[in-house]
Each structure stands twice: as structure tokens, then as C-alpha cells.
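Going by the order they are written in, the chains are A, B, C and D; count residues from 1 in each one.
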Amino acid sequence: MHEIIFEADTPSGKFFDVALLVAIILSVIAVILESVPAVDERFHRELLAVEWFFTIVFTVEYVLRLISVARPVAYARSFFGVVDLLSILPTYISLLVPGAQHLLVIRALRLLRLFRVFKLARYLNEAENLLVSLRSAWQKITVFIVTVVILVVIVGALMNLIEGSGAFNRQPILGPGGVPLIDTNGELQTQPVATPGFESIPSSMYWAIVTMSTVGYGDIAPVTVPGKVVASLLILIGYSLIIVPTGVLSAEIATRAGRGPVSTQACPSCSKEGHHPDAAHCKYCGERL
Amino acid sequence: MHEIIFEADTPSGKFFDVALLVAIILSVIAVILESVPAVDERFHRELLAVEWFFTIVFTVEYVLRLISVARPVAYARSFFGVVDLLSILPTYISLLVPGAQHLLVIRALRLLRLFRVFKLARYLNEAENLLVSLRSAWQKITVFIVTVVILVVIVGALMNLIEGSGAFNRQPILGPGGVPLIDTNGELQTQPVATPGFESIPSSMYWAIVTMSTVGYGDIAPVTVPGKVVASLLILIGYSLIIVPTGVLSAEIATRAGRGPVSTQACPSCSKEGHHPDAAHCKYCGERL
Amino acid sequence: MHEIIFEADTPSGKFFDVALLVAIILSVIAVILESVPAVDERFHRELLAVEWFFTIVFTVEYVLRLISVARPVAYARSFFGVVDLLSILPTYISLLVPGAQHLLVIRALRLLRLFRVFKLARYLNEAENLLVSLRSAWQKITVFIVTVVILVVIVGALMNLIEGSGAFNRQPILGPGGVPLIDTNGELQTQPVATPGFESIPSSMYWAIVTMSTVGYGDIAPVTVPGKVVASLLILIGYSLIIVPTGVLSAEIATRAGRGPVSTQACPSCSKEGHHPDAAHCKYCGERL
Amino acid sequence: MHEIIFEADTPSGKFFDVALLVAIILSVIAVILESVPAVDERFHRELLAVEWFFTIVFTVEYVLRLISVARPVAYARSFFGVVDLLSILPTYISLLVPGAQHLLVIRALRLLRLFRVFKLARYLNEAENLLVSLRSAWQKITVFIVTVVILVVIVGALMNLIEGSGAFNRQPILGPGGVPLIDTNGELQTQPVATPGFESIPSSMYWAIVTMSTVGYGDIAPVTVPGKVVASLLILIGYSLIIVPTGVLSAEIATRAGRGPVSTQACPSCSKEGHHPDAAHCKYCGERL
């Protein structure tokens, strides 16, 4: 039973994993559909039945896993053990506290099992290669992230000063009846008006992130001339910065692949591998290859 | 006739293909113009004439293809056979059912023939090389796509909880006359207000896709503080994720190109391979290749 | 005189070019400032004077070029000859037709001379290298552009059908007094409502370009469920497509650079260059290097 | 004392640096929180205390640095010396001029010290490598930036002509009571209407930057057909241009890394270089290195 549930190498083990995956995907779709008011109104009964069906299936699976594994406590504490438990609890809790069903989407995390099913194939290998590349490019990327964070803080504070203080956006004060007020010298009375979304530094930092990443919702946008100048500069810097991690990672992967054409031949003398295909002599002991 | 219609190697075959391409592009432009109300009002007659002209031309071409090809059924079932048929049917159907002309844009698919005309040139080779690179980078890209899908589902559900439930966005309840209601303890009565666009998980998932890809329409945007924090994190993750497939593909192409111009000829003396195609002598032992 | 005006190799030639560049930049800034109503109101006189000053300077320069060059007709017809003429004409034309000054920004094109000044340096070399890389990656990029154009046409037509026809967005018909109409069977009368911006195929194609490129203004956005599904797919495809030319170009540049470590040593026997630094024998004639 | 404050190599020096970093981050967070009206209202006292606490800590640190360093004037004039002073001044100035606290975010610049703490690690090395790559790719990137600037100026002027003049967007003139005016010939009287945001060239240039970088706020967007055509072209060009610096930088890094791990040791027998750092024998002649 352990083999069927935990391994994907045997036909029955693979069948179990694929069946489980299909069940997970169907249950996630059910939870998604349930959140649409129009669908929930019409098929409330059916969706509730589906939810309980999958919850019971996953509960049985969870108990079987606990029974069949050598060290149940280790499994229960592992990442997938916790996810497995969390993905069935909400339905039971919803008997006591209504509304808890929403947390069921945690089942999506179980989709990560997707990769395990293809363990036999090369998919996990590829993920590992990617992770190795990412890890070895990590230091360059850390430099990049710290730079981005410092930039976001400083630009956020700057834009809060420029746009949030209203110093560059003075509007006439309207008196009763919507008539602009005029002071005793006959001059129009104005007051500084803060641009919405720049009232505080955290809000301006949110704008800076949305801008630098080129998402640009437009719900918050500068309206004053100095604000637009700073925004333009930030955009050009963000536009330039994004190329850094892209370049770093692709160079990293290319280098890793570039070392690739390594002959699989081991040295007959010292048994070391990793020779260049062109090499005529072992680069460690000098023996002829 | 088969040579003229199906091959692009002979002058008349190439002329036929170029003429066909021009006809396809003109007919697509006609369909596009017809969809503009102002243009259609003015030139309805002319556009209708153009449409029927091209439909008859393409019908003749389709019949000729069926006649000249060795196995007509195989052609009729092939991708281009089906596209050729679909690109003439709508005009005839529009005699019975008005409005079917819109489907004529399927003719755009015939533009894919564009590549065939330049068969002699290296264009198709390039497309094939690209496809080979994409296919061999496919596993890495699958890992990437599955990660993106899981992320979209989880973030969609999370934002539906945060923004859609209105838990973090309580607004005063307005009574008759637009006056905020106050309960018996003198406290302002508030109600949770859902942010538009986050009412269901599918809608929130749409927002997550629009955000992660840095499109950022702004028609749906978070308004609560926790929502903005999650959005910022999603943006930064999306900003980082996009570099992965870019890096993978460019490394793939570079590696392929780096190995590229290698002749398959082995040295007759030392049997070593990996010579440059224009090398006349083995670069290891100096023997003539 | 020819040397001073057309060459940048001598000190006086370089000084002339730098002075010309500064004049071009200043005149462009003047034209830009003139377009701002608030600035123009205040400094109209000064800006007009600046405009005439630079126009006269550039006229003198143009005449000098015509005189000093060996073949004046060839110069007058060259790209820069035409630009030089076009950049002075608008001011004279504005004496007859007011408003022509706006065309003066064509002077910005003269900024392209910027590169010529640094002719001595490696800047132009770099631009040439980039152009060579772009040209040799051109075929792959053509495949990419044709794919994008076909995709834009088909998605534009599809979204025009989905969102523009209003088939999926039926709204109640409002009678006099804003009361929804109800027909004799007591059912609410509805009519299809087209989403603004999807009324014609060209407009939908504009939306498709704005979306695929991840610009995403948000002035046009789908509102129906099928429209949002198609938009999501288009975004994911656009998100994937952008990686193709990036990968192609960076691989192209890397390969070009990768062939880089070519020894500068010429073969003592056949005088051919381009040997790999590691090569012991000339790969063309077999002579020992 | 000099060792503790200025060096990060000894345990106490590293502890001092880490403590300083934590203090800087906490003080930056305090300034950020203070800018949120709701937080400032509730915790004004506490935040003021925190601000003064950190200001005094940083003042003591600044004085200690001045005392312990060999050449105090050189330190005071250095980048970090100036930043250190600027990060404490605003609090003292705020005693005289209220509102100066906002400038305290300059403390974020001190976060750049973050990199120094990890001096022992490879982080700074990585930053240096990145800078070297950026510098050697600088010429290609300059070509790119100048191209972008020229494009922004020309497109800005063009869109100002198209959208800002209202030539393509004539709207009916409304008379009293909102009734469209009709002239004596019975024709509708219209007037050109400028699209908001395109009234001046600088504003149109801001739009061009926001568009080319694919940020696309949507606060400014073309409404006329020629404007949308130009916008589409600009988007496609911008979409293509971004790949240039990405490709250049990633190729630069890859080339650098590809050459990277080469020992500078020459073979004592055949004098050839280019051996891998861990090679024990010459890969050409087999001699012990």
C-alpha cells in the first residue's frame, strides 16, 4: 500500500497519483465555481455534494497515508503532510463556522504533486536545474532586489513630498455656491491639493512598485509637472533594471549549458571526469585520454 | 498544374503563390474595413463586390487544388484544406444566415501560407529552428507554466477573500436622504463593501493574470491595504518569473547556435570530429580532411 | 572648410560638430517649450527670437555645406541633406502659413548626427555591431512579426464578435422615466450592448496590440466572461511570445561574441586568420601555427 | 575604535555594522509609518520618541566616525559622510522649521551600507562584476538610450500635432441649453477638441515614455484613429527596442562568465595558457602545471 500511495514508479502507483491529481483539479474547479454567485445560486446543492465527496476522499487518503507510512509523525509534519491536512479541515470547520469553505483553495497547493507524478520523466530534473541556476545567480539577484527596495523607498518618499503635499498643485478655494474665494487684495485664494494615492509614503511606494514593474494600473498617477518628471525617470530606470536579472539568469543558464559539451569519458588513470571533448590529455593527471 | 498550385520552386509556382498571398491580404483588409460602421455605410456595395470576387477566386482555387492533387481526401482533411474550405463557406452561408461574413477573418489563417512562399529562402528553416529550440526548452517552460497557474489560482482565491469579502473595506451605511445611519450606542453603522472585480475567484484570477503579466488595465485594482500588499508581492514575483522562460529560451538558442556550425566530417587520420565546416585540415593532427 | 564641416577627425572639425549638436539640442528644447501654453504666453518674444536665431544659423550652415561639398546635388538628396533642409523650411513657411513651427521638431532627427561626432570613438562601431546582430537575427524576427500580425488580426476579429456584438452583454431596455421595459409575457426586455472600443475590427486590433505588448491602458477592456477568457489567453500568449525575439537576439549577440576569442595570429603558410586560440595547426592548410 | 566602526572584518566590527543596519531599517520604517495619517494620529508620541532616539544614536555614531578616522575632512566630504550628516540634520532642523522630518528618508540611502556588511562574502564582488558588465555594455546601451530619446521627442511632437491640435477630433459646438449650433447653411458647427494630456509636447513626451516602456497608465490615451495608429506603431517599436539592451547585457555577462574560470598560469613546457583553475596538467602537452 505504501508503494501505491507514495511511489509513482509502479503502474498502480502511477495510476493512483494520476487519479489523485484529477480529483485535486476537479475539487479546485468546484471551489472556484462555488465562488461565482450566479453559479452558486443555481448549483448550490451539487457543489456542496462535490465538496463533501472530495473531502471524504481526501480524508480517506490522508488516513491511509498516515497508516501506511513508516514514520507517521514525520509525514504529518512534512510540507505535504500539513497541506494534506489543511486541505480537508475547512469543510469540517464549515459545519461549525460558516464561510470557511473559501480556504479550500489551499487544495491548489496539492497541485504541486503534479511534478511528482512525472518523477520518472525529466520534469523534476528540469525544475532542479532551474533551481540550481537560480541559486547560483542568487547573489547577483540579491544585489538587484536590495537596489529595487532602496529605490522604491526613496522614490516613494520623494513622490509623497511632491504629489502628496500638494505643493505643486494649488487649486482655488471654493466658497458657498461654488464661487472661488478672493482675498482682500483681489487675489484668488488657493490651497494645496494632494494627488489621490500619494497621501502617505506606503501608498506612494505601492505606486512606485506598480510603475517600476511596468504594470501601471493608472488608479494612482502623478498630475504635477515635477511628479511626471520623476515618474518618467523612474520608468526609464525600471525599464533598464529589469534587464539586469534577465541577463544574469540567461547568462547563468547559458554558462551551465556551455560547460555542457563535457565528454563523459573518465580518465583511465585517475578516473576523474569533466574533460572537454577536445582534450587529448587528462587535465588532472596528464594521462593520455 | 499541381506544380503551379502546390510548389513554390518554379517561377510560375512562385508567381501563383505571391498572387494568392496578395489576394488573401486584400480580402482580409476588406473584411476588416467592412466591420467599421462608417466605412461600411459609405462603401457597402463595393465591399460586398470585393467579398464575392475573392470568394469566387478562392472557390476556383479550392476546386483546382482538389482536382490537381493526387489524394484529394487527404488534402481536404489537412489543416490547410480545412482552412481553405472554411475561408469560402461563410460568404455562401451569409446568403441564408445574415451576419456570417464576420467569420471570413478565418482567411487570415491562410496568411500562414506566407511562410511557404519563401520556402526556397531560409525562413521556414528559421521557424523550424525556433520550434526545435522551443520544444527542447519545453520541459523547463512547462514547469514555469504550472507554477504560474498554481500561483494564479491561489492569489485569485486570496484576493477574493481580502477584497471580495469587504472585510477590510467597511463603509458607513447610508439611510434615507443619504445620511449615515447611527445605531443606538451612537456608533456609526458600517457594512463590508466588496471591491468591484474581486467578487468571485475567476474574476480575481483574471485580475491576477492581468497583473502578473504586467498588462495592468486598471479596470480592476485593489483598494484595501492588505490587498495592495498582496498585489505588490504578486507584481514582484511576476516581474521575477518572466525572466525564467526568457533566460531558458535564450540559453537554449545560444547553446544550439554555439554548437551550430560544426561539420559532421571526422578526421581520416585521428578520427576526431567537431571541425568547422570550412576547415580543410584537422585542427588536432593537421591531416587533410 | 569641407574638412571642418563634414569631418570630425580634426580638432576644429570636432569643435564644429559639438557646437552644432549643442545648437540642435537647444533649438529642439525651444520648440518643445513653445508648445507649452503657459511658457509660450510668458516668453513668446524670447522663444520667437531663439527660433529665428537658430533658423538663420542652420540656414548659413546649410548653404556652407552646399558650397563646400564636392557634389552639392548628391548631398541635397541624401538623408541628412533632406533633413537639414526640412529643419529650416518650417520657420520661413510660418511667415506665410501660421502654425507651421510645430514641424520644427524634425530638427530632432538631426540629433542622429550625435553618433557622427563620436565617430573617432567606438560608438558607431557598436551601433554597427548591433545592426549586424539585428540583421542576422532578422529572419527569426520576421517569423515572429508575421505571427504577431496574424494573431492580432484573428484575436481582433474574435473580440469584435464577442464584445462588439453585445451577444454576451444583454442589458435591460429602459423606457421613458428610466423604467425597465417589460413585454406582454411579463419578461424583462433586453438588448445587446457593445463594449466600447470593440465596435469594429481595427479598434479591437488596437486593443489586441495594447494588450499583447503588456501596455494595457485600460481605456478599452473586456467586460463579458468569454471576452475576459480570450483576453487572458492573449495575455499569456503575448507574455510567452515576447521571450522569443529577446532570446533570439541575445543568443545572436552571444554567439557573435562567443566566436570572439579568435586568435589574431595569421597562419605563417597561408596567411589566413580566424584560428581558435587553442588550435595547434592552421585549420585551412594544416601548417603548424 | 576605527576598526570596529569602519571595518566589517572583525567580529565586533561585523556586530557593529549589523546593529547599525537594523537601526537604519527601523528608523526608515518609523519615518514611513509617520507619513500615514491614521498611524501618526494614534502613535504620534511614540514615533516622535523613536525619531529622536535614532537621531541621537546616529549623531553619536557620526561624531565617533569623525573622531576615529584618520582624515576627518576626507570622510566628511565623502559620499557616505555627506549622507550620514544629511540623515541626522532634518530632525534638528524640524525644531525650527516644522515638516522637515520628511527628508529623513534620506536615511534609506544609508541602506547602501548593507552591501558593506557582507564585504567578507561575495556580494560586493557580484555587484562589481555586474558593474563591469554594465560598463563594457555601456556603449551599446548609450546608442540605445539616444535612440529612445530621439524617438520620444519625435513621437511626442507628432502626437501633439495629431491629438493635441484636435484636427482629427471635431466635436459639435453646444449653444445655450446644450443644443448643438447649426450655421446659416444648416450645417452642424464643430470645433477641434484637443485630447487631454496631449496639449503640449512635454506632456505628449511623458505619454510616449509611459507607452514605450509598456507601463501604460491610461490616464492619457489617444482617441483619434491616426493617434491610435501612431500609438500602435510606437508600442510595437518599444516592444522591439526593449529586447536590445536585454540581449546586449546578457550576452556581455555570458561572454564574461564563459571566459571566466581561466587560470592565468602558463604551461612551463609549452607555455600555453587558458587552463582551468583546477587543472593539474597542461591540456595540450600533458606537462605538470
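In the analysis below, a residue touches a chain if its C-beta (ideal position, glycine included) is under 8 Å from a C-beta of that chain, and two chains touch if they have at least 3 such contacts.
Note that the structure is predicted; figures quoted are calculated from it, not measured.
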Contact-richer chain pair (by C-beta pairs counted) among A-B and B-D: A-B
Same or different residue numbers at the chain C/chain D copy interface, by half rule: different
Whole-Å separation of chain centres (CA-atom averages), chain B against chain D: 33
Centre-to-centre distance between chain B and chain A (centres being mean Cα positions), rounded to whole Å: 24
Residue list for chain C, restricted to those that touch at least two other chains: 202, 214-218, 242, 246-247, 250, 252, 254, 258, 278, 280
Interfacial residue positions of chain A with respect to chain B in the complex: 28, 31-32, 35-37, 102, 105-106, 108-109, 111-112, 114-115, 122-123, 126-127, 129-130, 133-134, 141, 202-203, 206, 209-210, 213-219, 242, 245-246, 249-250, 252-254, 256-258, 260-261, 277-278, 280
Chain B residues touching chain D - in the complex, by the definition given at the top: 214, 216-218, 246-247, 250, 254
Of all residues in chain A, those that touch chain D in their complex: 139-140, 142-143, 146, 149-150, 153-154, 156-158, 160-161, 164, 199-202, 205, 211, 214-218, 221, 225, 228, 231-232, 235-236, 238-240, 242-244, 246-248, 250-252, 254-255, 258, 276, 279-288
